[in-house]
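Single-structure report; data block below.
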Amino acid sequence: MDLLDFARGPALQVAAYILVAGVLWRLVGILMLKEKPEFSEPRKPGGFMAALKVIYTRSFTAAPFKRATLYPKMLAYVLHIGFFAVIFLFVPHIVFFEGFLGFDWPGLPNNVIYLSGVAAVVAGLALLVRRLTDPVLKLISNFDDYFSWFVTILPILTGLIMPVRMGVRYETLLAIHILSVAVLMIWLPFGKLGHTFLVFVTRGTTGMVFERRGAKT
Amino acid sequence: MTLKDPIRSPIPYNRGNVRPLLNEIIHALDRLLDDDEPTVIDLASLPFAPGELEELEQTLGTGELTAELDALGKSFIRETEYPGVWWVEHHNTGGEVVGRYIEITRSPEILMSQDADVGAGRARLRDCFEHSGPELNKEAGK
Amino acid sequence: MKTIPTLGDILQAQGVSRRGFMKYCAATASLLALPPAMVPRIAQALEQARRPSVIWLSFQECTGCTESLTRSSSPTLEGLIFDSISLDYHHTLQAASGDAAEAARHAAMEENMGQYLVLVDGSIPMGNPGFSTIAGISNYDMLMETVEGAAAVVAIGSCAAFGGIPGANPNPTGAVSVQDLVKDKPVVNVPGCPPIPMVITAVLAQFLTFGQLPELDIHGRPVAFFGQTIHDRCYRRPFYEQGKFAETFDDEGARKGWCLFKLGCKGPITYNACATVKWNAGTSFPIESGHPCLGCSEPGFWDKGGFYAPLSTGNFGSGGKLAGAAVAGVALGAAAAVAGRRRQAKYTKEA
Amino acid sequence: MTTVDGRHTLDREAERLAYKPPEVRHDIQGDMETEERVEKAMHHFVKNFNSQTASYLDGCLHCGMCADACHFHVRTDDPRYTPIWKLELFKQAYKREAGPFAFFYRLFGFKKKVTIDQLEEWQHLLYDSCTVCGRCSLVCPMGIDIAGLVSMARHGMFMAGLIPHELHETAKRAAETGSPLGITADKFEDRVEWMADEHEVEIPMDVEQADVLAVMSSIEIQKYPQSIAATAKILNAAGESWTFRTDGFEATNFGMLSGNPGWQKEATMKLINAAIKIGAKLIVLPECGHAYMALRWMGANMYGKPLPFKVMHISEYMADALNKGKIKVKKVDTSVTYHDPCQVSRRGGATQAARDVIRHLGVDFREMEYGGDYNWCCGGGGGVVTIKRADPLRHRVFKLKMDQVEKTEADELLSSCANCRQSFDDSQEHFNWDYKMGSLMKMVAENLEDEA
């Protein structure tokens, strides 16, 4: 078994098991803690729709905060959109998803994907610089922040190197790329990258709590 | 190409290897004129899409001079419409192409008579001469 | 030891002109993927080259490799290379058989001790020596005996190079490759199923011309031919970059000649010269005729998860195991939550 | 006194000839052993962890954007005032004790138990520099309700006896006497009688059966007694069957602000019991922000079941009465801007009520830039106004509010929260500021049409 076979087979498998188990572990571990009772008379119906509303609306910055958070927000958007484009709109990746989802969707030309990847990395670097220099971020950051940054950027970088090659064999690069994805999958449920699924819980919770009060969400 | 020939329409844009090759040929012509340095491009080393090779051949066209060589199979040596740019194709005795080149030179080396062949030819001619008649033989002996 | 004539002598004896020789040298340069500027050096070397003795051993194989090499009906320029080597043993091609053939092999080995080339096609069964024998000799014994006095070994085809189809899972004969067995002689792998005939002749031409073996990659393959992937040299590569793919073998994309990645093309991880050298005297190669590359020149190509499974599909194992992981995750989460509640209760009691 | 200037921080370690910087002050209540304090803190942190708080504490991305929403950080640039940083200990306790991976955090010691030094340091962050205004909760891209978590984290601090002394004393007085300012039932009755005489208004007291129970905040009773008369005028005009009660008049809840859930529940239950006793269908809360949070949104949860009556803030009541035509007001010829009490508007959801009232008054209403739900806090909420040592910081922060108000160039500044009013008055005095905050209720009461 060569490195690529290992990456595509056991490494990816174990990563997928850990990903699935970890996500559920964290979600169930949080949601099965005791319930907070709520007896107050609602002003508005809260519930599921309120959760959905805030899950959507918090994707945008409220007007008063726009100026102050413009720079990091812009970078975060670029990072997220770039990353999503790379993951979900690069045709080889779509084929990868089709492999276990059973359906596919149209992709983007590779040049657009490379550009998205580069933009995501640049935004990621800028965010890292900010984290290393901004007094607030310096204070509140911990290992999780830096490690999560690393495992997020790594797959994009290893992916971007593939068309460039730089003298390394393609299958080796592909194997490294897949292994970096496996690392990302393994870390995702445990660190702050858990926001990929927790964002629905936190925003949803706030939606339900504050929407029923009729308060600003 | 003769002076009477009309100027060709611009080279069509192609996606594949034709355009880069034409560009390379232009630079090779620069080198030939400026530094007297010939260039040989081995077409076997380049990946061509179906039809591209034909397209290249058509684009270069046929010029004033065409030669055919018969040694270990046929070879066709042709100057293209662009003087100094030669299309050289080697075939084997079965007619299959074994080598295809674009040579940017004043005259491809393969057209030149080779010393070894000249020497062998001279020997054969001398042999022929010596065995053809006593008068001639005598005269040559002097 | 007998005196071996140089190639120059042979060609001269055949009445080949200098122009013919130059043409031959140019074709050889082309074959070896050397720049045309190398032609004079090749000419010089070839004139001095001596005709080597070659012993060809066929083990667990399908004769496809030999077919590939000898497919041409008329004498060719590559054929000339065979004229200039001495193929002293090839039990499929030679007239002699049985003891007479083996005697020829032994004679060639003795006469050219330490200088002859051994070409092998087919894998060697290690499960039971009786699985494949020639003249009552097991493949393993014959290989080891013949290799003893060889200058080098060339493993022709994926079976000889990597075990190939006989070595594919579950490998009932215990098939192994030449390089698994031959450790003390240089081994050149010319994999492919079959290998490109030009590549086989090129290795011989290199040996003939420069008296040395070509530069090899990590899998023992000549870099000149296996240095780049099919994908890198594929004329359909622009479609890959543009995201234009054939989805099925008869859709619009397939007819327009778009990239075959989604149909399982192994081009990106397959190192071979098909895209440039092409097949059948430069006519075409699989992708050009609309079929994805199978990756036949790569180790274990038969067991790479299906010819039509796209390269980027991962193997996630069974859905059952994933479901198991999900159940385990829920259980761990529940346990964590219960533990959290317990600690809350404990704290409340203590306080 | 605390150093709050992040831009010109002092190097506390360096030797200085003449100047010795004051130490960061923290207060300690009781005479518990250090270990006991830590245990208490942990215990009362841990008690709060439920699925909701857990998702919040697990969800933080460390993006730091909450800092840009917090007036304390915006005005000082001190990174410690980043809202989520104020919760660091609470988060630490959660990850160690109740999170999904708590076992590993404990096993490998990734998260240590909180220490007494940390708790002492965080006293300043959880009390002096947080008004629980909830502005940060609106900027958080994960939607984490940081302010709500600060309230919970205060439980641990209170139980460990580590809260600012003035706040502790105020809360204690409230628990012991029923009023943070020590106003007894008798004193309340006196004040009510005085106001009834002074303003010639009938004020029902201790009626046995009434539809509406009106309550007051001690700040009003003490500092702004006209509010008593204004409340009476409005309820009378609306023709309500209503009453004040001596057994349930105090709307403020310093148990909630200081972090003592027991005291919080006691104070809340007093009001609930009084309302049930007289068969009230409605409690009208006074112009007080946190009272609204305590009863309207947390009251039923303290009670353990839905309340058998409705709860309205006075601004909500006025808006409702005006909209329904139960009361009418004369048009007032002035320009007005309105300061939203955080707990009523942003966190309480009654933002529109005050605007309805203002519309009925027919004044030239000048909304502040990003007023309403995104309003800057007065700086004194969450009990901060009681903390003497936090005054310099509070004044500093107030500058934001001043700018916001001044930009409107309105003639009058109104609000509907006695606590806001108190901190505005204090800051006005400090800065010799032109604006004097008025009461929305008072303006309505003074402009009631006689015939309703």
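First chain written, first letter: the chains are A, B, C and D, and each begins at residue 1.
Just so we're on the same page, a contact is a pair of C-beta atoms (placed from the backbone, for glycine too) under 8 Å apart; a residue touches a chain by one contact, two chains touch by 3 or more.
Note that the structure is a prediction, hence the values are computed from the model and not measured.
Of all chains in the assembly, none touches chain B and also chain C.
Using the average of C-alpha coordinates as each chain's centre, D ends up farthest from chain B. When C-beta pairs in contact are tallied for each pair of chains, A-D comes out on top. Averaging Cα coordinates per chain places chain A and chain C 42 Å apart. With centres taken as mean Cα positions, chain D sits 95 Å from chain B. One simple way to say how far apart two chains are is to compare their mean CA positions; for chain A and chain B this gives 62 Å.
Separation between the centroids of chain A and chain D, computed from CA atoms only, is 37 Å. Looking at chain B, one finds that none of its residues touch two or more other chains.
In chain A, the residues touching two or more other chains are 25-26, 28-34. Among the residues of chain C, those in touch with two or more other chains are 332-333, 336-337, 340-341, 344.
The complete set of chain-chain contacts reads A-C, A-D, B-C, C-D. The touching residues of chain A, counted against chain D in their complex, run 25-26, 28-41, 43-44, 54, 58-59, 61-65, 68-69, 72-73, 76, 134-142, 144-145, 190, 192, 194-195, 198-199, 201-207, 209-210, 213-217. Considering their complex, residues 15-16, 40-42, 44-50, 52, 69, 71-73, 75, 90, 92-99, 101, 109-110, 114-117 of chain B touch chain C. Contact residues of chain C toward chain B in the complex are 16-20, 22-24, 26-27, 29-30, 33, 35-37, 72-80, 233-236, 238, 257, 275-277, 281-282, 284, 288. Chain D makes touch with chain C in their complex at residues 39-40, 42-44, 46-47, 49, 54, 97-103, 159. Contact residues on chain D toward chain A in their complex (touch as defined above): 6, 49-56, 58-65, 67-69, 73-74, 77, 79-80, 82, 84-85, 88, 98-101, 137-145, 296-301, 303-307, 310-311, 345-351, 370, 373-374.
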